[in-house]
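Next up is a structure, given as structure tokens.
In this document, chain identifiers A, B, C, D, E and F correspond to the written order of the chains, with residue numbering beginning at 1 in each.
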Amino acid sequence: MHKGPYVEDIREKQPVEGLYLVRDKNNGITKNGKPYIALNLSDKTGVIKGRVWDNAEKLDPGFDQGDVVCIKSFSVLYQGEMQLNIHAINRIGADDADPRDFMSTSRLDPEQCCADIQACIETISDPDLRRLLELVFEDERITSAFKQAPAAKSIHHDCLGGLIEHTLSVTRLVDMLAGHYETVNRDLVLAGAILHDIGKIQELSYERGFDYTDEGRLIGHIVLGMELITDTIRRLPDFPAKKAMLIKHMILSHHGQLEFGSPKRPKIPEALLLSYADDLDAKMFDFTQFIKKEQRPETNWTGYHRLFNRYLYTGVFEESPAPGAENGQPPQDV
Amino acid sequence: MHKGPYVEDIREKQPVEGLYLVRDKNNGITKNGKPYIALNLSDKTGVIKGRVWDNAEKLDPGFDQGDVVCIKSFSVLYQGEMQLNIHAINRIGADDADPRDFMSTSRLDPEQCCADIQACIETISDPDLRRLLELVFEDERITSAFKQAPAAKSIHHDCLGGLIEHTLSVTRLVDMLAGHYETVNRDLVLAGAILHDIGKIQELSYERGFDYTDEGRLIGHIVLGMELITDTIRRLPDFPAKKAMLIKHMILSHHGQLEFGSPKRPKIPEALLLSYADDLDAKMFDFTQFIKKEQRPETNWTGYHRLFNRYLYTGVFEESPAPGAENGQPPQDV
Amino acid sequence: MHKGPYVEDIREKQPVEGLYLVRDKNNGITKNGKPYIALNLSDKTGVIKGRVWDNAEKLDPGFDQGDVVCIKSFSVLYQGEMQLNIHAINRIGADDADPRDFMSTSRLDPEQCCADIQACIETISDPDLRRLLELVFEDERITSAFKQAPAAKSIHHDCLGGLIEHTLSVTRLVDMLAGHYETVNRDLVLAGAILHDIGKIQELSYERGFDYTDEGRLIGHIVLGMELITDTIRRLPDFPAKKAMLIKHMILSHHGQLEFGSPKRPKIPEALLLSYADDLDAKMFDFTQFIKKEQRPETNWTGYHRLFNRYLYTGVFEESPAPGAENGQPPQDV
Amino acid sequence: MHKGPYVEDIREKQPVEGLYLVRDKNNGITKNGKPYIALNLSDKTGVIKGRVWDNAEKLDPGFDQGDVVCIKSFSVLYQGEMQLNIHAINRIGADDADPRDFMSTSRLDPEQCCADIQACIETISDPDLRRLLELVFEDERITSAFKQAPAAKSIHHDCLGGLIEHTLSVTRLVDMLAGHYETVNRDLVLAGAILHDIGKIQELSYERGFDYTDEGRLIGHIVLGMELITDTIRRLPDFPAKKAMLIKHMILSHHGQLEFGSPKRPKIPEALLLSYADDLDAKMFDFTQFIKKEQRPETNWTGYHRLFNRYLYTGVFEESPAPGAENGQPPQDV
Amino acid sequence: MHKGPYVEDIREKQPVEGLYLVRDKNNGITKNGKPYIALNLSDKTGVIKGRVWDNAEKLDPGFDQGDVVCIKSFSVLYQGEMQLNIHAINRIGADDADPRDFMSTSRLDPEQCCADIQACIETISDPDLRRLLELVFEDERITSAFKQAPAAKSIHHDCLGGLIEHTLSVTRLVDMLAGHYETVNRDLVLAGAILHDIGKIQELSYERGFDYTDEGRLIGHIVLGMELITDTIRRLPDFPAKKAMLIKHMILSHHGQLEFGSPKRPKIPEALLLSYADDLDAKMFDFTQFIKKEQRPETNWTGYHRLFNRYLYTGVFEESPAPGAENGQPPQDV
Amino acid sequence: MHKGPYVEDIREKQPVEGLYLVRDKNNGITKNGKPYIALNLSDKTGVIKGRVWDNAEKLDPGFDQGDVVCIKSFSVLYQGEMQLNIHAINRIGADDADPRDFMSTSRLDPEQCCADIQACIETISDPDLRRLLELVFEDERITSAFKQAPAAKSIHHDCLGGLIEHTLSVTRLVDMLAGHYETVNRDLVLAGAILHDIGKIQELSYERGFDYTDEGRLIGHIVLGMELITDTIRRLPDFPAKKAMLIKHMILSHHGQLEFGSPKRPKIPEALLLSYADDLDAKMFDFTQFIKKEQRPETNWTGYHRLFNRYLYTGVFEESPAPGAENGQPPQDV
């Protein structure tokens, strides 16, 4: 079916017909006793509010949270916020929509990320570790999921392709750091970086919105990832037991602390380095995204960030030089 | 070789010749500049101090910590503590001594414990879980190690046979508790109890004293145990995926809290029950052992217990009247 | 007065007249400027929403939160949730209603629980402890309150009869555990279990909804319970001072940790056992109740549990097949 | 028996015969295999080391830690530290020594402290609270113990008379603070201050060194003190229940936090004030004592203070100029 | 412009015209789809709700949160709460209103507080510290801000003049305490108390409501205050380096703990005393204010206090007998 | 004076005369009652034990901890550990020894580090920040101290030149990271990295062993460093206030958390990045140094590391490539 206008393109006072993902659905009742439905609708370009003021009881059974729906509506602007008054809405079949239209996606191309990681694998000197990595990604189901999965349900890299974006970033970080700290075994820390979150392809579902799987909540991506590696190693007959033990330790300890869900803390320098790189990349992503999103003309401060437990200062960015200057060209006379 | 007198049988002022395990070895130098060696020697009945006052430099290379040694010595009593003044000492070959002579052993018979656990397995209704348990213990190497291993390097059940003693105790506890809380799935919680610490057969070495293996420190018994179960399930072709997930969750969550090394916290009642039973059994063992060991005539209090972070009261035990007396009858003349 | 239909029996589109407890009362104002009143009404079978859309200002002074009210209303179903549109409402006198009609009650019969506890008291060998327990429950005001009180304002066993239900459960647990750990003094741990929460009869008020008393908040059930025991012991002239000290210690330490409000931590095995049994029983009640209540067809997971700080898995329960079915046989026609 | 020279008066190279309390006794063995005994001996003026180099085995059974002993010895100075080489030592009977000779005592006169507290009681307006306080101290056993007990086994005010010194100090603090914060009920906070640690007369033993009693460890001074007050109130027939509840709350909450052993936290301003005054007085005592004791010419810093978890700066004190100099006048020629 | 009626003087059913500060402004939409604006308006006597039901879209751009507005409205009483239905509203210029009309102000006269602090400064013996304090307050901009600033954005002393009120209170407390603990250097602790929060004149903005400045959030009042003192000391040529170090330490450590934002913990008794006095004064202010504000006839308890994490008991205050009665005399007939 | 043999060059059974730093000095007394002195002596190549068995009382006043001493001694090997039996020892004047001979020094050349940092400064685009950095290092006293100071009293980089080694490493890390995270302001984060620990030149003394200064303990390097920057900025008339605020924030927040002594937590991405880089560099240094130092043939594990609270695995290193390869030569064909 035809996707219709993207959220970011919707303008005021126009009819809007198209396909959107139902993020949240809440039934309300007006003080006159009339039922209505409040929705958050989204596609990959953003989120928009929807309201079903009429025929709410009749339209209600036709769709649920998590569905992709086809709607007819009219856009209104209220207090600077766009809103769709909906008069027709119902779910469409799973095959009638492309999931990538409805969920936010990484700003990077997953295929390119994957190629970059493959290239990195080829630089690994240790033949056992290199072969292990190659074998993991020879499995098409793994590679396909790895390119599509988000890195989290919410918080950092919570977009399609987020897992591979984050993995590539951490891999590049540890590559730089392994150059800086020469005693670090580059092969081991690179292999650890590439595989550290591989279990997330089983921990998260991302077909229609992002959520945890049963396995994700009961076993968790750390152990799921380690099991995937164990399974792969089983197919490599002469894989040295010690290297297997060390790469498992890299995965198990990558959250750095027991209270963050790692059953073991880093006990080799490579594992320590990986845990810092992983944490730093997640925090920097979250920190800078939040500052970008919360830029507001009237203040130098974001709203309160619940996880960081603080307000962030947005004023540094405004220093960024005039357009054009970044490329070394003088600003135009305009 | 002949074991010689057990530690608990050594009396004052007699020659002592026999085999003992070197628990600790420290070199010292007297203020006169003369070297000596201070030892702790042990067998399964206890620990005794040893001192090499003469020829220390010559005898020093002949043995290390962790060796079983053959000694010639003379016993002296100083300040109520027995001590061996050693004039000859050297290590003996691994095959010349029976390890069970040198390490403390469970007060229970491991064979009987094993039979009790086997009997318990047969009461499990669920055919998948029962078959899983049977298959685990059909492996002679597993069962043999399971009967011999300690449950910890130190702290609770740190004796040969300690693992199976603790496992049986926890199994009995959850069986009682599953009867008390009827909604609990008895089969699942029993299977979890029997398998919860199975990874300790790989986490600990116990041939000559107790210590952690490399795998024990880098992977840990929780994940090692889960892998052992995964391996066994792989040999059960139609094992339901959901049951596999639940039994793994039981193992992974049995420490109850992330900060105690469980990568997942209990999310089903059976796992919650198991985590309490495991914790209670370890604490009760430690608590009551410490009180027994620290009974002293001059005070109602033990010394300071580092892990409990308190002094324990020893006075309750002394109340236990002679048998028969509790019911108001005078003790019999026997 | 006549109770009228129980909450769990109310069906759609019918007039409803009867007596209900006002759990919450909130005044609102519609966007048209018209006042209304939003209520939660309850009886022992459940909670239902009520709305006063008309004459809100006039009816408002006639009742408060905590009152039992007589209402006239009409039931409507909105979004699957029953709701009463109320046109008449006013409080009734304290004597016109039976409290047990309006608060949830234990699934167990308090009289039977009390008899079971009495029977347990008779199995205590120690004459001093047995006499102490008998004397406590000879006081009709204590026994009567003990049978009626809840175990908590909210959280676990928050129903009439909840205190005695929890007490009986903990008593049975420690009886089992005392059999398992033989060095434990059964008499002492049983006496502790039976008395551990006795102070809650003064800590909580439960005539009209559950709340804390002034004493409950300023002194607390741990110390109130200990004082009740001290008062009773005073009436037993030759009660041994040491036993008094130990039974007091059992009460004072039963929360296990200082930060949970125990002024002393367990220093005898009996107190350690009691603190585990008490904690386990509260947690298991809460855990399993929450799973039962939150069973939903569309997911294997409960909503977020604030105190456990996690989502719980509801999928284990659904496995329980019909009897007989587990062995692959069809259920018999019976 | 004759006390002999006080510790603070002992000089080098002289025979010392007299009575001292054995604080610590440790048996050692020289590298030549000769036993010796290392002691800390004390009287109210300080602590001194003692060594039994000869006949250690023979003299050993004649005394224990906690005994008052009669010794014959010779004083030597080694590395600036005085030490007694002992050739005769044995315990003396309980009646042969005055305890006040052997334990450190408050720098204040307990009788005067007691009189000051009595005077303070007379300023309390509330007749019930005043009568309660009077009745407590009419009991000669209470008053006598109150004047003699230490405030702690170690840490702050760990001297004979320390309890009443600390109590008077806290009482004066809250009197000042009640004047500063006018809404505070002075009567209640004064009564609370005077009684807050009264349970320490049962928590600590102080006949021969300071230690905890069984009750002290199993019940604790907070609850023991509250029970003493309950007992006293029982003898005041018309004592208002609410005042009893409030004064109990003052006692129970005076450690401020659950994790410091208070079963309830302050919920009235008077209790908050008392908890701060108590904490401040203990901390200031400890802080300033430590600085005085650790003044050393070569550094501005004390050694590491374990409880404060830091080093303290001793340099402020040295600034105190000679009297008169502060006002810019030169010190007089005197 | 004319202020108009104060919030505390507004009565029901009357036209209200005047100037108020917009504390919060939220746009809503009625279920009929009609926009409205919900406001909190305040002046120094309190806060009142305002609603713009008509012409919301037209009036909306005319004012923002933080503005002082001139309104025309009509007062209505709903459920005991006064509310203004607004038909005209727009912001006024900064110079048309006196800030002191619109923000709550200290119950004390800032001029008198300032005079009291000046008087206190004159009692300081140490000429360096006295001169430092004099020089700080000779700067008219500092003194003026010091008299006007609040002590916090919310929580304690969050009113105009709150900073100087709190500073005077802490100064008096440490003066009393320095008298009580004689080894304390009164000059140093007094200077510390007077200057401890001086950095708040830069940390907070208070022209139109209270908020943090950029410096306040990025540097903080502790370091800002220390810098102000450093700047002043620079103008005192012979100021002793050691005293400068000590007064800085007083400022830096006055929050007592690292986790409360002090980069150093108290290491001299004077700093310890100051940190207690500061904490006590803030807590007592908050505690007693909350109890006063939450006095309610139907209960002895306040609502839940988020920071103290508890409910507070309001019943002690009600005991305060009529004036005169405390001395046993009947109240006069007046 | 002549330095004499370096510690790392001392061999067994030879006379040793030379200059060494007294790290620790402890007086002991043999069981024969003969005094002796136990020393740790060091120079920049290591630490060695010294013993004064004869004439201890006479030699004792001639030197103290922290002195450089001239000794005459004889080397003995005992249990594989070298030890000097000393017969003459006395301190030498401050000018008679070069401090750099006696304290461990960075493996890097401080001059080269300084040149590298200078080169880095020249790459900063922002003229204000570049000028600030240039001005700081134009002060010869600062630069000289910066090249000499250690980064810590113990723990990481506790050697002469350690501060500049650590600073250069952190500077390089943030330069790499600023390239990786493009929205980060490279100039700001580089300036922050170069200056973050500059206060340590005042926090630590390092003339004769490493210790904290009075200022170091009472003010701390975070605030001392910020003050140094404030002082420098004061000399730059038009330095923008906002940049001053931001660079100060970088310094103040670089420990990342309040409980680690930062009075503010990072609120801009540049500060977050710096805090991670600083922490990572310290931890990696400590982690890898400990593993190198604790390599032991008989085990794959280090001893217990107190700060990391764990044992570290040393086995990864042994994989290090074949000999010869490290020097850039291809491995020989053997």
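The criterion applied here is as follows: a residue touches a chain if its C-beta (ideal position, glycine included) is under 8 Å from a C-beta of that chain, and two chains touch if they have at least 3 such contacts.
Quick caveat, the model's predicted, so the values are computed rather than measured.
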Intersection of contact partners for chain D and chain E: C, F
Between B-F and A-F, the pair joined by more C-beta contacts: A-F
Distance from the mean Cα position of chain E to that of chain B, given in whole angstrom: 62
Chain A and chain C, separation of their C-alpha mean positions in angstrom: 44
Euclidean distance of C-alpha centroids - chain A vs chain B, Å: 46
Per-residue multi-chain contacts in chain D, two or more chains: 31-32, 214, 217-218, 246, 267, 311, 313, 315
Contact graph of the chains (line, ring, star, complete, other): other
Inter-chain touch pairs (all): A-B, A-C, A-E, A-F, B-C, B-D, B-F, C-D, C-E, D-E, D-F, E-F
Of all residues in chain D, those that touch chain C in their complex: 214-215, 217-220, 222-223, 226-227, 230, 245-246, 248-249, 252, 258-264, 267
Chain C residues touching chain E - in the complex, by the definition given at the top: 27, 29, 31-33, 35, 60, 214, 217-218
Sites on chain A touched by chain E in the complex: 28, 30-32, 34, 36, 53, 78-79, 300-301, 311, 313, 315
Chain C to chain B touching residues, read off their complex: 125-127, 169, 172-173, 176-177, 180-181, 183-185, 188, 242, 246, 265, 267-270, 272-273, 276, 279-280, 283-284, 287-288, 291-292, 310-313, 315-317, 319-320, 326-327
